[in-house]
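Sharing a structure below in structure tokens format, with a few things to ask.
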Amino acid sequence: MTRRIAFLNIFRGHLYDADYQAVVDAAKADDTEVDVWSFPMSADGSEGDVNHQLKLHRYESLTLAGTLEFVLKAEAEGYDGFVIGCFNDPGVSEAREVATKLVVAAPCEASLHVATTLGRRFSILVGGREYIPPIEESVLHYGFGSRLASFRSIDLPIADLQKDPGKTTDRLIKTANTAVREDGADVILLGCTNYYGLHEAVQEAVGVPVIDPILASLKFAELLIDFRQRFGWRYRRAADIGE
Amino acid sequence: MTRRIAFLNIFRGHLYDADYQAVVDAAKADDTEVDVWSFPMSADGSEGDVNHQLKLHRYESLTLAGTLEFVLKAEAEGYDGFVIGCFNDPGVSEAREVATKLVVAAPCEASLHVATTLGRRFSILVGGREYIPPIEESVLHYGFGSRLASFRSIDLPIADLQKDPGKTTDRLIKTANTAVREDGADVILLGCTNYYGLHEAVQEAVGVPVIDPILASLKFAELLIDFRQRFGWRYRRAADIGE
Amino acid sequence: MTRRIAFLNIFRGHLYDADYQAVVDAAKADDTEVDVWSFPMSADGSEGDVNHQLKLHRYESLTLAGTLEFVLKAEAEGYDGFVIGCFNDPGVSEAREVATKLVVAAPCEASLHVATTLGRRFSILVGGREYIPPIEESVLHYGFGSRLASFRSIDLPIADLQKDPGKTTDRLIKTANTAVREDGADVILLGCTNYYGLHEAVQEAVGVPVIDPILASLKFAELLIDFRQRFGWRYRRAADIGE
Amino acid sequence: MTRRIAFLNIFRGHLYDADYQAVVDAAKADDTEVDVWSFPMSADGSEGDVNHQLKLHRYESLTLAGTLEFVLKAEAEGYDGFVIGCFNDPGVSEAREVATKLVVAAPCEASLHVATTLGRRFSILVGGREYIPPIEESVLHYGFGSRLASFRSIDLPIADLQKDPGKTTDRLIKTANTAVREDGADVILLGCTNYYGLHEAVQEAVGVPVIDPILASLKFAELLIDFRQRFGWRYRRAADIGE
Amino acid sequence: MTRRIAFLNIFRGHLYDADYQAVVDAAKADDTEVDVWSFPMSADGSEGDVNHQLKLHRYESLTLAGTLEFVLKAEAEGYDGFVIGCFNDPGVSEAREVATKLVVAAPCEASLHVATTLGRRFSILVGGREYIPPIEESVLHYGFGSRLASFRSIDLPIADLQKDPGKTTDRLIKTANTAVREDGADVILLGCTNYYGLHEAVQEAVGVPVIDPILASLKFAELLIDFRQRFGWRYRRAADIGE
Amino acid sequence: MTRRIAFLNIFRGHLYDADYQAVVDAAKADDTEVDVWSFPMSADGSEGDVNHQLKLHRYESLTLAGTLEFVLKAEAEGYDGFVIGCFNDPGVSEAREVATKLVVAAPCEASLHVATTLGRRFSILVGGREYIPPIEESVLHYGFGSRLASFRSIDLPIADLQKDPGKTTDRLIKTANTAVREDGADVILLGCTNYYGLHEAVQEAVGVPVIDPILASLKFAELLIDFRQRFGWRYRRAADIGE
């Protein structure tokens, strides 16, 4: 039994596709194959604009139709799973309704389930205060509001996270320590898929688990595929059950 | 990389050990080994008494010390994971604090995480109204209260669930249908580890995922082992981090 | 000071546009003008399909892009306000972020604000159990969960609500009486824009206010326009305020 | 169709009546008339005492009977609406039960409904920490607790707010900026009716809507009058509906 | 050390004063003295009117001023404690602010504290559905909403509770049994002070504790007096603490 | 009618037994007798270890079996009440299920009931941040989360609280003042039984009630005994009521 997963890199994918592919290849199970996909880069997508749109619901509306097309393409090509590669989880509900054969995983949802199993309270580190509102809505929507210790900002724009990994790691360690010691966080969530490659150094320095959302969503996708293939468990809505 | 898991059958284990072993062997990953363990049966444990104790917190206190001894034994013998085989999840917090090398999974916790990924609202089927209070406390403790559609009773004592599987299945189907159609449940949880072997027939008849807690906790244990072995993610408490 | 409002009829608009126009013209302030707009009817949109899609998040994704285009068109044509004419409030957040000059109102949001001012607890009447989940999410999202007395179904598909108004009214009265007497509802919300023209008969028969969501959203749009024109109060997000 | 509204200035009215009248006259609709009323000033009402009483429930009990008499007087004189002019909303429930013909609006309630339509989270600015408890109870009572970003104090007693409007404005701007940037407030509420005349300068400086509770309650009163006159929607309790 | 307590019978006191006196005399500690007080009966207070007013907030406003006068009288006469003898707890916050020397207890508050110590979930029995709203607000206000199993009505007006005690007891037993068996209530609260003398028969028949609110509030008053006399613990508000 | 109470000192009892006995003897009613009991001191129980274990659930598991043995011993010897002398309330549910004749009180539970009667919001002072998690779980479990103003640490290990009472008192006063003035606490809870003898000085300096949990639990035990002896009210679970 093998698993084929499409991982859609939503944020300026062509810049990070190779990195993402390396990250998931190192983390996947032996009998899993992952293909990283991404949107074509918009010609006029200046960094500032993209960063601004990430803060808005409109961001989701801009990528929603395209994401659903990728889901249908993955279904047509026989993939078993699909990961929506952005911590905002844009379109995860719609994708699950569109998909009839494959399972859908998303980084924020997966990270929250992992975090609440590994400790009582978690903090989410973000690049700036302005990224908090949509993530906070997700936390409440998924029902984990009572387990949230804090949001903490490292004050680094998303587009700069991989420019100087040492600097990013230093800020993550400093901020994670504050979250653990002042806010009582038992677990740290890195609140963007672009923090890849950094969780181990932070974890070692701080002493609590530090969740990389790419890794969490990949392993959750594998789990959901196993659930479906072995036990027939799949996403459903009571409203779809006929009278 | 292989995984060795000890699955402790808490409720009258010697009667069900062989069945549990067959269930987990059929569901485990190829590179996982599972050993089903159980308490020695108490000489004077009449059915009535055991059923009565299951309703009480005292049940947990009776098995807590013994469970922790099994955890330490599993650690000493090099197991990677430990499953507390009872839907009340007795001693899961304590076990995680005792364990330094292995991961701990529990049926109710695992089933709740699975259910809230597969649908919006879930119902839990129980053998009788009297089993609800400790499970309800767990649902609230884990933070999933806002996703609970209902508890529904099939009016069959836990000790009788496997006596006439056809009868049990019929009641589960009837009650699950009510939960889906009247309470809006998108997912059904079987609220005891002794419902093993029945989820597929119920699922097929009702049309929504039906979660068997043994299966959920086994796969969750595998996932937690992978998290620990691959990414270093393990149960921690902020309170344990030194100043 | 006058107000120009575009009212987008989202559900099979061409069938109901004339009725909607009559309803809003009778309810608007003297210095308000309202134009009812709608999507072109899909050629293959069978009733069953549309009803089915209404139950799903995908319904929102199907209409989202088109709704935002209508918002931009209304802005370009100098409208002061825009009403999203569907009780699911599809795209209300995105529309508010897209709009820079006009205000956006939505039926469910407006009805909830009205209802919680007129009484302590409200019930929402829907055409069938399957319409409840997205509306319930809206109630929770807007923060009125603690004021919800109940959902009650009148068991009439949305597409049939205006076929026999006497029959619909009878069912609304019967169901509203149950909500008031058994669930303690102080206010009744009609949970679809297609109940137009019926609220007065129900209200008179039952004795509590019965909120028609078209009327609530129209008057709320007028209020929001007044707020903006007179006091400069407009939709904002802290995240958009520069450092 | 015209609207006649009585606006009861509860806090040391005779000092502020003329100002209040000017504020509401500038903000009302053309077909609305507003008369500002107030209690006779107590002979021995030293500033300190009044400020102290404002912090207490007893404040409400002291003004409750008098407020209800004003409501009955307004009904007898044919007014359509009544505004309880204090941000504590003293006696709003009782007034609504006493009133059979007119509608009742209140500044805190109206401001909360306005704020939650204009943004996700709001902060309330108060004159001192000691004014927070009754307002916080109102926020919870009306059901908006999950939308509250913070309370922030400008450290100016209520009786001094209009003594040096420039100083008050400066403190409001400084505090509102903190609420927006540190607490994530999308909307600012001025937590006392005595902040009149200042919201525009603060709003312009800070960049988010700043709600003046006098204005919010006046326009809400107009809306409620329209609801009643046009659609028959009025305050009711299920408990009053006969069997 | 002795305790002197004034027990104000709010609902048609002169009819029940003697009964109340007998009830509290049998339940008080040896070193406690209790005097039952009541309002003079209104000349035109027909039963229907009084019952109707009990359902409304206005009921509280009608008795509030008088209750505070009784509190001041009790303080002047050197009482140590004051009980507000109505399950709606009318004016309890105001009374505590007025009182500087005596402690104030109230039946609903005391019963809720007792109930949540004796079991996990409680049900409140009321005379009719129409009495529920103000009591439900109290339950939420005091913070015990998550412990409420249900309200259940025995369909007997408050004024008739003592007319045929056998009939009242039968209905209480039947309804309490339903609350225990269907709603999972561990404790039953009698939701009116006029159920006096009946709790033991119901308790014996049903098998769970049945809380008589007169008894709960009397013993709570004694406890609060002891707290104040022995340990200096008294009602305070942070807002009253000077800078 | 007399009351005999066993007070189990859980934390390193033999060091504090004499002090505890003096404290309860000074606070008990005349017709109450209290015997302070404690575990034998573990031979190798270094201070560091004990402090560390106090932070963990495992602490509860270590003392649970022993505590239940003491409960049974107290029942056998005819005691009327039993106090679990640790602010973590370890085993209170289990003790209540084991006990059939005596009542069980616990310091945190009793203090929370007292605090919420004496004010709206409370703060809990602890020896260090690491003691917060289990206490916070208790606050949520008992249902008082909405009344919690804050936790505040005085940064003194539990084992040192009585070493220099003046120093402890100074820190308590300073921290309590912060809780009152910054967090709006109307009541202060001392979050450990080892703060005995200090509450009055803190209370006098700060001006709000300061709850000593030993005293609260002792008086609550007396109250519960009176409830049982006089009114037959005792701990029950609906689940124990036969069909």
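Before moving on, here are some points about what is shown:
First chain written, first letter: the chains are A, B, C, D, E and F, and each begins at residue 1.
The rule is short, and it goes like this: a contact is a pair of C-beta atoms (placed from the backbone, for glycine too) under 8 Å apart; a residue touches a chain by one contact, two chains touch by 3 or more.
All of these numbers come straight from a predicted model, not from anything done at the bench.
In terms of the stated touch criterion, the partners common to chain D and chain F are A, E, listed by label.
At the far end from chain E, in terms of centres built from Cα atoms, lies A. Each chain's centre was taken as the mean of its CA atoms, and the one lying most distant from chain C is F. Residue-number overlap of contact pairs with D-E passes half for only one option from D-F, B-C or A-C: A-C.
If you average the Cα atoms of chain B and of chain E, the two centres end up 44 Å apart. Centre-to-centre spacing of chain E and chain F amounts to 28 Å, using the average Cα coordinate of each chain. Multi-chain contact residues, meaning those touching two or more other chains, occur in chain C at positions 120, 129, 132-133, 146, 181, 184, 237-239. Contacts between chains form some other arrangement here, matching none of path, ring, star or all-to-all. Chain pairs that touch one another are A-B, A-C, A-D, A-F, B-C, B-E, B-F, C-D, C-E, D-E, D-F, E-F. Chain D meets chain C in the complex at residues 27, 29, 109, 113-114, 116-121, 142-144, 146-147, 180-181, 184-187, 199-200, 203-204, 206-212, 215, 219-220, 223-224, 226-227, 230-239, 241-243. Those residues of chain C whose C-beta lies close enough to touch chain E in the complex are 120, 146, 181, 184. Across the complex, chain F is touched by residues 55-58, 60-61, 64-65, 68, 91, 93-94, 97-98, 129-133, 141, 237-240 of chain B.
In the complex of the two chains, the chain E residues touching chain C come out as 129, 132-133, 137, 140.
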